[in-house]
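Chain IDs A, B and C follow the sequence of writing; residue 1 opens each chain.
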Amino acid sequence: MMIRRRLAPLADGVLPVAATVAMFIALACVFLWVPNERMQGPVQRIFYFHVNAAWEAFAGFGVAAAASCLFLWRGRAEFDRLAHAAVEVGMLFCTMVLVSGPIWARPIWGTWWTWDPRLTMTLILWTIYAVYLVLRAMAQDDPQIARYAAVLAIVGVLDVPLIMVSVRLWRGMHPSVITAPSGTGAGIQDSRMIATLIVAFVAFLLLFLWLLWRRYEDLRLRDELHALEDEIGALDASAARAAR
Amino acid sequence: MRSLWPILRKDLLLEMRTREALASLVMLVVLILLTFTFALDPDGARGAAPAVLWVTLIFAGLLGVQRTFLVERESGAWYGLLLAPVDRGAIFAAKLVANLVVLAIADVVLILLLGLVLGVPVAASPVELLLVNGLGLIGFSALATLFAAISVRLRARELLLPLLVLPLLVPVVICAVEASRIVLSGGPAASAGVWLRVLATFDVIVTVAGWMLFEQLVLE
Amino acid sequence: MSVVEAESLGKAFGRTRVLRDVTLRVDAGETLVLFGPNGAGKSTLLRLCATIYAPTAGSLRLFGSLEREASTRRRIGVVSHQSFLYPDLSASENLAFYARLYALPEPERIAAEWLTRVGLAGTGTRPVRAFSRGMEQRLALARALLHAPDLLLLDEPWSALDAAAADLLSDLLVTSHADGRTVIVATHDFERGLAIADRAMILHDGRVAWQATRTAGELGAFHEAYRRITGAVAA
């Protein structure tokens, strides 16, 4: 509670401005300043957003797992809200990864989708956290939902390394027709490319923090509103009783 | 651990009395296998035997595991369990094993059918096949039992359980199918080793996590 | 020593607050009877004492401890309107299961003993599904008492009982009291409830609205108090 109050002016005042400015600078860098990658041409520019979206997706799911552990341990609603908000924001970025990936893959690999381990992994992650949000939506009124969701987030994170290993091994068994380049970042040699990547990283981090903050605040305000409604209801009831 | 046994014993006794879970699970396994055979042709089903084996088990299992929790609800016996001086993790473990026993019987029936009806060489290396099936089923039971404890308490339980389980089950699906493929094609057992190691790791992690987290799911 | 010690105890389910600001002490050997209309919070208070619910506000000490370890739960027995029995198991299998769950020695012998005590000796092998409501409830009494709990919690115990079972329950409660057992009962049955109460309490809207003790001779004011508290809503 105390932390939130101290953070609020900073988060509400600085984050939106900083994130917007940084994002415009990043866009300018990506579209106007950074040179074309020699082999892939202009389509490689999507990489600056694609990779950063992936990092923020992982950040979101990581924050969700940590907050879920804290919630089960301390039982405070703040941690539950943080986990919920982090999954929502993580899902947004994960969706961006899944959309921007194929847009890049079509001209470079000649296909929208391939069962490359990293793509497969991202898709599975997306389904795990989509189910997390489905669970929360379906059981909104269940008083235990926060605990259920926390257990799902924790088991999900424990499962991630195992999914990663098995998907790797699985693709090792079925070599795909398309041989993936040794990493999407293979073409980075130019210092301007590195600078652009760093600028985009900062922009995405700020965007992530801002969205996380906003979603957290929305969830907090929703809870507060419910509490106020209940209080009004109780007051009405006792006033009606007194009137008789 | 000590309290695991009375609960498991009671669950198995209940199952022997009613035979509801086992009978319906075996029927389901037979019917799903039949559906695969029609859809893939007998030859196709034989070729895809590892996939048929695990998809059949997983889907039949998903419909069966909630029963172990539903029997507790009929007369509020669930509260009797929670009230008793037993570790809640032991309740999870007992339910896990009860599900595992029923699934294992259905699994044996399924393997026999694959061998007898579709001519899959299940007897080529039976010990290895049982090892693969054992490790795969433990992982499935652990994950499905943990999330069945959640889904039975929600309205859309039949729908929610597969949603909760299937994404997290990916390692079991991949490793169990690949290991079964190797074992059924008579390949060297050692080449299945890596898949079995991942399966065993999954089993340990999910079982321990379930034991520790289960208490959080039963608190009200 | 206090067996139950609640301090500003509250319980909410999501947004619904069922119990608020309940402070009470129940001493060892005391029989507390909770009255109140439906939804007053009686069952919730009992389930909090039974460790089935966790408090959402305030604190609840059981046998002096805030923890809910197995050793605390072992000392509690619960009779509710649900029997906690498995319909597909026989009466003696049900009792033997609970005896094993409480790690009692010779579960089969204990089951047989209790079947006799609750007058079901001849029916031990029949599945509970075939029992009448009264028989099932008698079996539930045996199930709740076989581990000799120090604290006995009863939720509407008389509501489902036939005459014979109600007498049996009253006998068991008298014995319990003589044994120094602490008892908390929630009921709508004024007559039977007041007959055994050392202390009576009226819950209303999740709060303690009235309480009185037998030793202070205040129980006579119960009916008047109950009408005053609950009648205001009904009017």
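Basically, a contact is a pair of C-beta atoms (placed from the backbone, for glycine too) under 8 Å apart; a residue touches a chain by one contact, two chains touch by 3 or more.
This is a predicted model, so every value here is computed, not measured.
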*If you take the chains that touch chain A and keep only those that also touch chain B, what is left?*
C
*If you average all the Cα positions, which chain's own average lands nearest?*
B
*What is the chain whose Cα centroid lies farthest from the Cα centroid of chain A?*
C
*Taking contacts as defined above, which has more of them, B-C or A-C?*
B-C
*Determine the centre-to-centre distance between chain A and chain B, using the mean Cα coordinates as centres, and give it in whole Å.*
32
*Could you grab the centroid distance between chain B and chain C? Build each centroid from C-alpha atoms only and quote it in angstrom.*
39
*How far is the middle of chain A from the middle of chain C, if each middle is the mean of its Cα atoms, in Å?*
49
_Contacts with two or more other chains, residues of chain A listed in rising order_ = 142-143
*Do you know which chain C residues sit against two or more other chains?*
none
_Residues of chain B engaged with two or more neighbouring chains_ = 219-220
_In the complex, chain C residues that touch chain B_ = 47, 50-54, 70-71, 73-74, 76, 78, 80, 82-89, 93, 97-98, 100-103, 127-128, 143
*Can you name the residues of chain C that touch chain A in the complex?*
12-15, 17, 232-233, 235
*Spell out the part of chain A that touches chain C in their complex, as residue ranges.*
141-143, 226-227, 230, 241, 244
*Contact footprint of chain C on chain B as seen in their complex*: 2-3, 5-7, 9-10, 13-14, 17-18, 71, 74-77, 79-87, 219-220
*Partner chain A, residues of chain B touching it in the complex*: 143, 146-147, 150, 153-156, 160, 163-164, 166-168, 170-171, 174-175, 178, 194-195, 198, 201-202, 205-206, 209, 213, 216-217, 219-220
